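Chain IDs A, B and C follow the sequence of writing; residue 1 opens each chain.
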């Protein structure tokens, strides 16, 4: 089996098992709704500024991702399928499959949060520069996934999985979060695309560095 | 006494800092020697 | 190692005395006077201590990463011992750097913490160290602990250049070298130090680095003794 077809097969397997149980999708969606509701109650009638809104946007994405993304590896451990996976596929295939799955999951998450925010904060959450917003969301999802996937693999091997995952991920994701929040603020404020190019450069650099590093190190984490 | 203290503040600070530092150094040297003893002990025995 | 031990004691003692005792003057003459840096005054003396401590914590982190990398290549547990020992020291120095920085910030700019890029990055480093030790305590076997913590420290290390070089470019901040600084930005800032101050500063840098080397040596020897004792008993 060529590398690409085995990667696709792995992704298809993950998607199928997700669609069968819908566990991750439901839990994450509920988490998003809960988080946004809490924010709405906290703000009441106050209309937040664009920088506050973009911060809250990514806060919701971050915490939902933290509660969900580790499942890609932890579920394998829980179901006992890790060893099968180790036998059947090369480490790099496994890594890229999980990475792409996580990216898709995060991207779906951002879409959900966007829709919710546009409904709930219809006055304040108006995206004036769509190009910046789309670029930020796409690159942000890739960035989130590229950093979180290997941390998920690390945490799956440890004892206290749940709380350890955010603790390990946060310092690594801070760079991403700050850049992405700044870019989203620019999108809400209606600034030119050119002003966000610096942010995009950082994001691309971050994605490349994280994916490259994770790819090189994944072998050590995956093999017992 | 107070005049002396308020005018020579720098030297008061320096003395305190040096005392603390001397304490740290003494502690570290003590640990270093203890470890050396243990290492020789385990090497012989 | 003797050099590190006596060298660090001598250098740091010297820098402590010289840094505090030498008076400031607007027109410094000769070796025994420091210039007055505008806006800082007496508080400038902190440069001689805060910067070397911050420098040492970065060195400790890089060393810990290096030994982690060596462990991954050779699976020799001794490298893991060195990696943890260095990380522990790095944590301590990071703590000290944060505190000296916060005190300086209070006296200079009015508040203990401002989230300027440099402050944020030392905070992130603190978080990375904390996460590193949290990870280690959650892993049971020696090999797993060594492997996974080495991987984590390398991944975390990859994000560090982003902090040092990129963030200050984007965010304006209080530290020199950030966007709003009229002196221009750069990762290593040229302080306006006179030659005698520069010499003392560099000696202090060397002294603290040697102190780190000595402390690392002590910690590694101690850890090795404990390891041997525990493996002999079992």
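What to note about this one:
The working rule: contacts are C-beta pairs under 8 Å (C-beta built on N, C-alpha and C of every residue); 3 or more make two chains touch, one makes a residue touch a chain.
Just so it is clear, the structure is predicted and the values come from calculations on it, not from any experiment.
Ranked by how close its C-alpha mean sits to the mean of all protein C-alpha atoms, the top chain is C. Chain centres computed from CA atoms place B at the largest separation from chain A.
Here the spacing of chain B and chain C, counted between their Cα centres, is 21 Å.
Centroids of chain A and chain B (each the mean of its C-alpha atoms) stand 50 Å apart. Centroid to centroid, with C-alpha atoms defining each point, chain A and chain C lie 32 Å apart. Those residues of chain A lying in contact with chain C across their complex are 147, 150-151, 154, 157-160, 164, 167-168, 170-172, 174-175, 178-179, 182, 198-199, 202, 205-206, 209-210, 213-214, 217, 220-221.
Chain C makes touch with chain A in their complex at residues 72, 120, 124, 127-128, 130-131, 134-135, 138-140, 144, 147-148, 150-152, 154-156, 158-159, 162-163, 166-167, 170-171. Listing the residues of chain B that touch chain C in their complex gives 10-11, 13-14, 17-18, 21, 25, 28-29, 31-32, 35, 38-39, 42.
Interface residues of chain C, counted against chain B in their complex, comprise 5, 9, 12-13, 16-17, 20-21, 214-215, 218, 221-222, 225, 228.
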